[in-house]
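Please find the structures below.
What follows is chain A paired twice: with chain B in the first complex and chain C in the second.
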Partner chain A sequence: MPLLAEGVSYTYETGRASGVEAVRDVSVSVDVGDLVVVAGTTGSGKSTLLRLLAGLLVPGGGSITVDGIAPGAREARGAIAIVFQNPETQFFAETLRSDVAFGPRNLRRPDPEGDADRALAAVNLEPAVYGPRSPFGLSGGEARRGAIAGALAMGARYLLLDEPTAGLDAEGRRAVRAALAAERASSGVVVVTHDPAEFLDDASHVIALAGGGVAFSGGVDALYGDPSAYEGAGLALPPIVRVQLLARGRGMSLPEVTLDADAAARALLAARGGSR
Partner chain B sequence: MVVFENVGFKYPGARAAALEGVSVSVRPGRLVALLGPNGSGKSTLARLGNALLSPTSGRVTVDGMDTADDGVIWDIRARVGFIQQNPENQIVGTIAEEDVAFGPENLGVSPAEIRVRVDEALEAVGLSGFQRREPHMLSEGQKQRLAIAGALAMRPAYLIADEPTAMLDPVGRSDVLKALRGLRSQGVGVLHVTHHLEDVLDADRVLVLSAGTVAFDGTPGGLVSDPARAIDLGIELPAEVLLADALRHGGVRVPAGYPSAEEIAEALCRS
Partner chain C sequence: MRIPSTFGQYVPVDSPVHALDARTKMGVIAAFTLGLFLADGFFGLAAFAVAVAAVVRVSRVPGRIAFRGVRALGLILIFTLLAHSLRWEPATVMLVRFGPLGIDAEGLRTGVFFAARIVLLMVGTSLLTLTTTPVQLTDGLESVMRPGAALGLPTGEIAMMLTIALRFIPTTAQEAERVIIAQSARGARFDEGSLLARVRAYVPVLVPLFVNLFRRAEDLATAMDARCYRGGEGRTRLHAAVMTPGDWLVLLVCGTGLVMTGIWL
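What follows is the complex of A and B.
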């Protein structure tokens, strides 16, 4: 059973009669193994949707269930982990292991340090090396992954992340993407971002929000088949994808569209040879 | 001119130096870009530029004033504005004009003069008419431009921007870049620290730091035309630039530099 939002709406009270409708009639389904990318520009409602999915806000309309029960219910506790923007600013402990173990310790799990080490391994931070280190001496990418480990250590089945790669360099972003890809073996992952390009190769489903409503919802193939609604939401496909779509439009046969420059070049050169 | 002369810096208790032997200067009206991976020393260099830090070796001077000289530290900070990554951390006012007025008020500038400076600064970053708006109601890009206006109201000769677009969506990012370009054309010397080469393709000079030393010193074009070198330096080139390079090696005549998707597709079909 998935993390399921059906026709969800949410209005922020502003003191005025009408309020501000931040999310309007949004549906999304997340299963273990999924990577759902929620894309949108500033103010599109994506962070509000994330909070609704996490049970931090209660929808004004529609319903949200986690494996069949309400996300705010006691039995649902621990099913969902949320990673806010710049989570590494929330480090407080002397060692990374103790920081990551804070969640499971609070939940009175039998082996919080073991939970921490498994979570660190899941984000490719070797526990024996990184566990004893100060969380404040890590590089940007290491710190971000350490903070994500803090959420994973709670044993959640659904992992929700707000801009997980913002502010990281190329190496740090690659490492975070790899950690999220590995995490899908045991969790459903939702990534909320204004810059979805780097996640398109991995996404199982893409939702583009605009003004609180759904502008596009579908798989990556459907997105590449007709990106007009997505682009209408103020989002742009990566130029490397557009090259391949333009080439297809001109009759070149490309079996798949990829963000990988070498793979794209090979396919384009082969298609070009074939068309002559 | 902001001059870094053979600058080194070591954080107290750190084993390795954060910077070693770095020399660069920022002239009025010029844009110098500072690139490099996380932990390469970019932010440290930025902080040395307006005396938030003082070098442990070498010298940093601003129009001849040494940042190590405590007597001129406030003169230096009045000349060198500083913008950081997260706009939330640098806004103090409850409405936009109050926030922008904070700096000049502290300098004892007259209220009439402050009024002029605030309006000019907001206009320079494209926020005219936002005087009475509450900062928390602004988008992230608008907040960052408000922070830039706050620095501008001090009438700085130089602006150091430490990853000013890192937290912004594409619209906010392009607005902030436009605001920074506007400053350069008005004669402000800008030092722009960033991960994104695309942000600084029109820079007058690009410096790439690696583990605290200068690994590349040249122009943006020098990096774009040599993708292998850029990757070695930890600079991420956009995938389409790498694609263009791979296609060129495969015999496709793709235009040099930063070709658009249309130009690449065109080259593929033509040749």
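What follows is the complex of A and C.
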């Protein structure tokens, strides 16, 4: 049974009679092995949707269930892990291992330190090297991955992340992307971001939000087939994808659209029929 | 967990009271407080009550907000009333008796008088922060403190520190809420176990909060340095506060009112 949202709406109380409707009639389904990308510009309701899925907010309309139960319920505790924006600002412990073990300790898991080491390895931070280090002395990319490990260590079936790559350099982004790809083996992942470029290759489902409503919802192939609704939501496809779509539009046959620059170049050259 | 919004927070509406100079309002508050303690009869309090109600009306601050502070005083008010009106095995005639305890009319009258004075003081003084932005307030303070500069008091720096401190109260409250939610999401519980356990539960909140505060302070210091901040001396203001004839008139009226209170009420 998946993490399931059906026709979910949420309105923030502002003191005025109407309030602000941040999310309107949104449906999502996340299974183990999925990577769902929720894209949208500032104020599109994507962070609110994430809080709804995590059970931190209760939807005003529609329903959310985690494997059949409400996400705020006690039995659902530990089923969902959430990584907020800039999670590295929440470090508090003396060593990274102890900080990452905070979640499993709270859940009374039998071996929190072991959970922590496995999570650190999953985000490609060698436990023997990084475990004993102070979390406050890490580089930006290391700190972000360490903080994500703090959520992974809880062994949740669903992992929700808010802008996991914001503010990271190219190397940090690659490392986060690889960590999430590996995590899909054991859980369902939801990534909320205003710049989904690096996740499009891996995504099993893409949802574009605009003004709280769903502008586009579908697979990556459907997105590349007709990106107009996605772009109407104020989002832009990566330039490398645009080039390949333009080529297709001009009748060149490309076997697949890819974010890999080398592969794209080879495919374009092959389609043109020239050696160079 | 929610950080409660405090009473006395600036209400951004346009009114003659808002338009007054912060120094004028501070002068009026000083005269008001002094007058309130000079007045020793219900007639005097009634006069002040009418004045406060009129100013609340003119300031266009919603009554609900203007009187919000009174609720926080509830315990103090009840204590004041009881302390003045309760008598143990009284000899005189009482209004009400519960065994050895009694409430006498004279005590009740005194209790009501003091309680009413506290309420007026609270509502009247809170109007200062309700109608003055923190920046105007600290600028006014700096100006009022200026004579202290001759004695070597760093008035500019004190005012700057106050401004920054006030500016960061809401930021810090938001930050605290953010960290609490994030740690809750990692299974932290703040409402379980013994008192000690609950206090310890806040360590994962307080450490990041302070780390981020220090980091932010460092950034702010660098940013101020980069903009050539060298202390308060000789600094000019973008919005220089000017005492208008209206300000002087208000001060004159209130000063006269204070003298009259001293003589007649």
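Everything that follows uses one rule, which is that the second predicted complex is superposed on the first by the 273 of 276 C-alpha atoms of A that agree within 3 Å, B and C clash if a C-alpha of one lies under 4 Å from a C-alpha of the other, contacts with A are read in each partner's own complex, and residues count from 1 in each chain.
Criterion: a residue touches a chain if its C-beta (ideal position, glycine included) is under 8 Å from a C-beta of that chain, and two chains touch if they have at least 3 such contacts.
Since this is a predicted model, take the numbers as computed values, not measurements.
If you put the two complexes together on chain A, you find that chain B and chain C bump into each other.
Set against each other, chain B and chain C differ in how many residues of chain A they touch, and the higher count belongs to B. Once the two complexes are overlaid on the shared chain, A:Ala185 sits clear of chain B and of chain C alike.
In the superposition on chain A, A:Gly172 makes contact with chain B only, not with chain C. By the touch criterion defined above, A:Pro87 reaches chain C but does not reach chain B. Of the two partner chains placed around the shared chain by superposition, chain B is the only one that A:Leu268 touches, whereas chain C remains out of contact. Contacts of A:Gly103 after superposition on the shared chain: chain C is touched, whereas chain B is not.
After superposition on chain A, the chain B segment that clashes with chain C is 75-83; the remaining candidates among 75-83, 129-137, 237-245 or 255-263 show no clashing C-alpha atoms. Chain contact summary for the complex, chain B toward chain A: residues 37-39, 85-86, 139-141, 163, 166-167, 169-172, 195, 234-236, 238-240, 242-243, 245-247, 250, 252, 260-262, 264-265, 268-269. Of all residues in chain A, only 54, 56, 77-78, 81-82, 84, 87, 89-93, 102-103, 105-107, 136, 150-151, 154 touch chain C in the complex they form.
Against chain B, in their complex, chain A makes its touches with residues 41-43, 85-86, 139-141, 166-172, 194-195, 234, 236, 238-240, 242-243, 246-247, 250, 252, 259-262, 264-265, 268-269, 272. Residues 178-179, 181-183, 185-189, 203-208, 211-212 of chain C are the ones touching chain A in the complex.
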